[in-house]
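What follows is a pair of complexes built around subunit A, which joins subunit B in one and subunit C in the other.
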Partner chain A sequence: MEITFLDILNTLRKGAFETIKILPLSMLFSLIAGTILGAIQSKKIPVVKYLINAYIIIMRGIPPLLLMMLFFFALNINVPFIAAVIVLSIYHTGYITEIVRGGIEAISKGQFEAAESLGLSNFKTMSKVIIPQIWYQVIPALGGQYIILVKDTVLISVIGVREILWSGRQLMQLTYKPFQIFFLIGVFFYVICFALQQITIWAEKSLKQKSVDSGRRT
Partner chain B sequence: MKGDVLVSFNSVTKSFGNHIVIDHSSIQFFEGETHVICGRSGAGKSTLIRCINYLEKIDSGRLYFRDLEVNKKNAKEIRKKISMVFQEFNLFPHLTILENAVLGPVYALKEPKDKAEKRARELFEQVGIMEKIHHYPYQLSGGQKQRAAIVRALNMNPDLILFDEPTSALDPEMIGEVTEVIKGLVKEGRSMIIVTHEMNFALEASDKISFLSEGKILLTKPSKEFFQKPEYDTIRKFLRQILGTKKEDKESEYE
Partner chain C sequence: MNFNYRLISELLPMFFEALITTLKISALSAVFAICLGSIAASAMNLGNRPLNYILQAYISIFRNSPLLVQLFFFFYGLTFIGIRMSSFMTGVMAITLNEGAFFAEIIRGSINGIPKNDWEAAESLGLSRFLILRKVIFPQAFRNSIPALTGQISLVIKDTSLLSMIMLVELTRVGSMIYNKYFDFAGFIFAAVLYIVIFIVINNLSFVLEKKYRVRR
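Let's turn to the complex of A and B:
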């Protein structure tokens, strides 16, 4: 049976759908966890700060592929989709924590003092005053991290997620047309990464004015 | 003396590293009083008032707000009763000025939002920037920002307002609009401690003036007396320098 171009597109579409399902979940979980850990880390709480530091160093020090295999085979999380979301979230949380901490530390001391002098709790100071202000600072780094996350999704095929690269490899064995197939996969990733870049630029521009510290002379 | 003791420093010391900023200082601030703190740059004026709401922790001595000792444990409670206006405004840039004014009452005082908003609108009307309430800080002039910061402080319904050089970051033409607002608060009989170099304003609006030099409170006098009989050379020199540039004819009084 001959495999037509339409069949190739259809198979890749199914793989792309798997990739797209995993992306927003991993992005969301790593952002939430990274923001919480980054906020805690900025408080420099003894012991806790060393624990978070250790986590960051471990995530930075091991390849995501190894982490993927560790979770899937050693920890026996044998639902590939769940294992993929967990691993990508945990891995990128390590980086996003540092991005968020840097963003918090870039906020002027006066903003913390103004919030404290209003009697706001630590939690409200962070959630209502500081965190909403960091996005302008961290968006370029966060956008870059998300682009890496998108590219890391190709690794999840090793634990059996039938994402786009996995689909491409299956097709290649049937059609012997690697160039066309991998070109299409490349276009898919390029479009997602380009869209992310554009969103990053748009978000940065739209947050720019509101993020000007009121103390600075305009 | 207008009322009860509101803030009491008893031999308070505060250092940054080896540098002593407040040196065994004792002073009392009273309810309903406008008390100006003046002195040269680095004399410890800002640090003194920042200790009152625990933005700075004292090293030794005793500091009380009413009957509450100012310490970590009581800081949150004290901050609900003392508002602060900063030199650099420190408005929250991601919020409109109305949202800035409502944040404290809603999240610290647990007031209903509509009640806090209603009071904020009245205060914005009072300081003359009602038409700007939905603007963000970056859309305002320096004077408008500082008036918005004053509204944020007032909307906490505080027992005491601390002003840390409220006009120092302003262009000269905007100083007047802020000092007029503060003079209005003086007429309302609010308790205020103001760190300022605006000595003409201090003379017109304050009940008392204290002079700080090298972390010590050199002199505290009712404002008119302070200007009439400056007892120390260092104060006479300070007044000559501050007023000399603004009011040449006053200079002779301090020779």
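Let's turn to the complex of A and C:
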């Protein structure tokens, strides 16, 4: 049976949906975990500080591919999809923690003191006063990290998630048309990354408007 | 979960060889990529418009698509059109092209960060645009970008793990080979430890370099 260009597109489309399903989940989880860890890290609690630091160094040191295999085989998670989301989240949480911590440290001391003088608890200071202000600072770095996350999703084909590169490699074995297939996959990622870039720029602009309106020194 | 020390100590020579391979690929592709990035970034400042478009296209294409896809593209594509290359060479080439785009972006950023005065001062000495870039701007820009460059180099080392997908025996591949043979993930853990050690060494080296080569104004 001859495999036409249309068939290739159709197969890749199925894979692309799988990729797109994984993306928002791991983005969301890594953002939540990263924000929490970053907030804890900015408090500089004696022992916890070293633990989180070790976590960050480990995540920055291990290649995501190795981490993926380690998790999938060592922890024996039977559903590849869940393993993929967990690994992508854990890996990028390390980076986002650093980004958020940087953002929190860029907030002026006066904000912390003002919140304290109002009698807010530590948790409330963070969640109501500090965290809402960091986004303008954080957005460019966060956008860059998300682009890396998008590109890291191809690695989950290793543990058998049927995402776009996995479909591409299956097609490779059937048709042997490397240029068409990998070019199409490249275009798919290019579009997503380009869109993310534009969203980042747009978000930065609109947040800048906001932070100027609230009279914050930039 | 118990860690199999015996297995690791028996297979230590294999790990050593793989570590050397990983370091060799990282060093080669990092050097090539920094050269490529420097040339591309400098060329973007020569003021040649068609060249600029080409370089911008190169940077945005290679930055915005996954390295693994590029790797497969070259690995399968080159054999398809009849060029036979070892997976080592293909890997070095793919990583060089991919990371070259990142290095170009870093160095371009720091070239833009050099104050306009330096351009004007050099111009008033009658230097050509090419000479200004080579003798005045680039040396400063390169020194300024050392922290970002070393950060990117640690990413190059992580990228080499992808070469296990094209059958090159390096650290990650050794880990999965051990898993396939003995059904033991100790190999992964040991490989991970080695990667982390490399990362920590590079990280500390970057602090030393940064201090040594800081531009004083």
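Just so it is clear, the second predicted complex is superposed on the first by the 211 of 218 C-alpha atoms of A that agree within 3 Å, B and C clash if a C-alpha of one lies under 4 Å from a C-alpha of the other, contacts with A are read in each partner's own complex, and residues count from 1 in each chain.
Just so we're on the same page, a residue touches a chain if its C-beta (ideal position, glycine included) is under 8 Å from a C-beta of that chain, and two chains touch if they have at least 3 such contacts.
Quantities reported herein were computed from a predicted structural model and do not represent experimental measurements.
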Subunit B versus subunit C as contact partner of A:Q198, first or second or both or neither: neither
Which of subunit B and subunit C A:F182 touches, first, second, both or neither: second
Subunit A residues touched - subunit C or subunit B, whichever exceeds: C
Touching partner for A:E113 - first (subunit B), second (subunit C), both, neither: first
Partner chain in contact with A:K128 - subunit B first, subunit C second, else both or neither: first
Partner chain in contact with A:S206 - subunit B first, subunit C second, else both or neither: neither
Contacts of A:F73 with subunit B and subunit C, given as first, second, both or neither: second
List of subunit A residues in touch with subunit B within their complex: 108, 110-111, 113-121, 124, 128-129, 132-133, 209-215, 217-218
Interface residues, subunit A side, partner subunit C - complex: 57-58, 60-67, 69-70, 73-74, 147, 151-155, 158, 165, 168-169, 172, 176, 178-179, 182-183, 185-186, 189-190, 193-194, 197
Of subunit C, residues touching subunit A in the complex: 1, 60-61, 63-70, 72-73, 76-77, 80, 154, 157-162, 164-165, 171-172, 175-176, 179, 185, 188-189, 191-192, 195-200, 203
Parts of subunit B lying in touch with subunit A, wherever the complex brings them together: 53, 55, 76, 79-80, 82-84, 86, 88-94, 103-104, 107-109, 136-138, 142, 145, 152, 156, 169
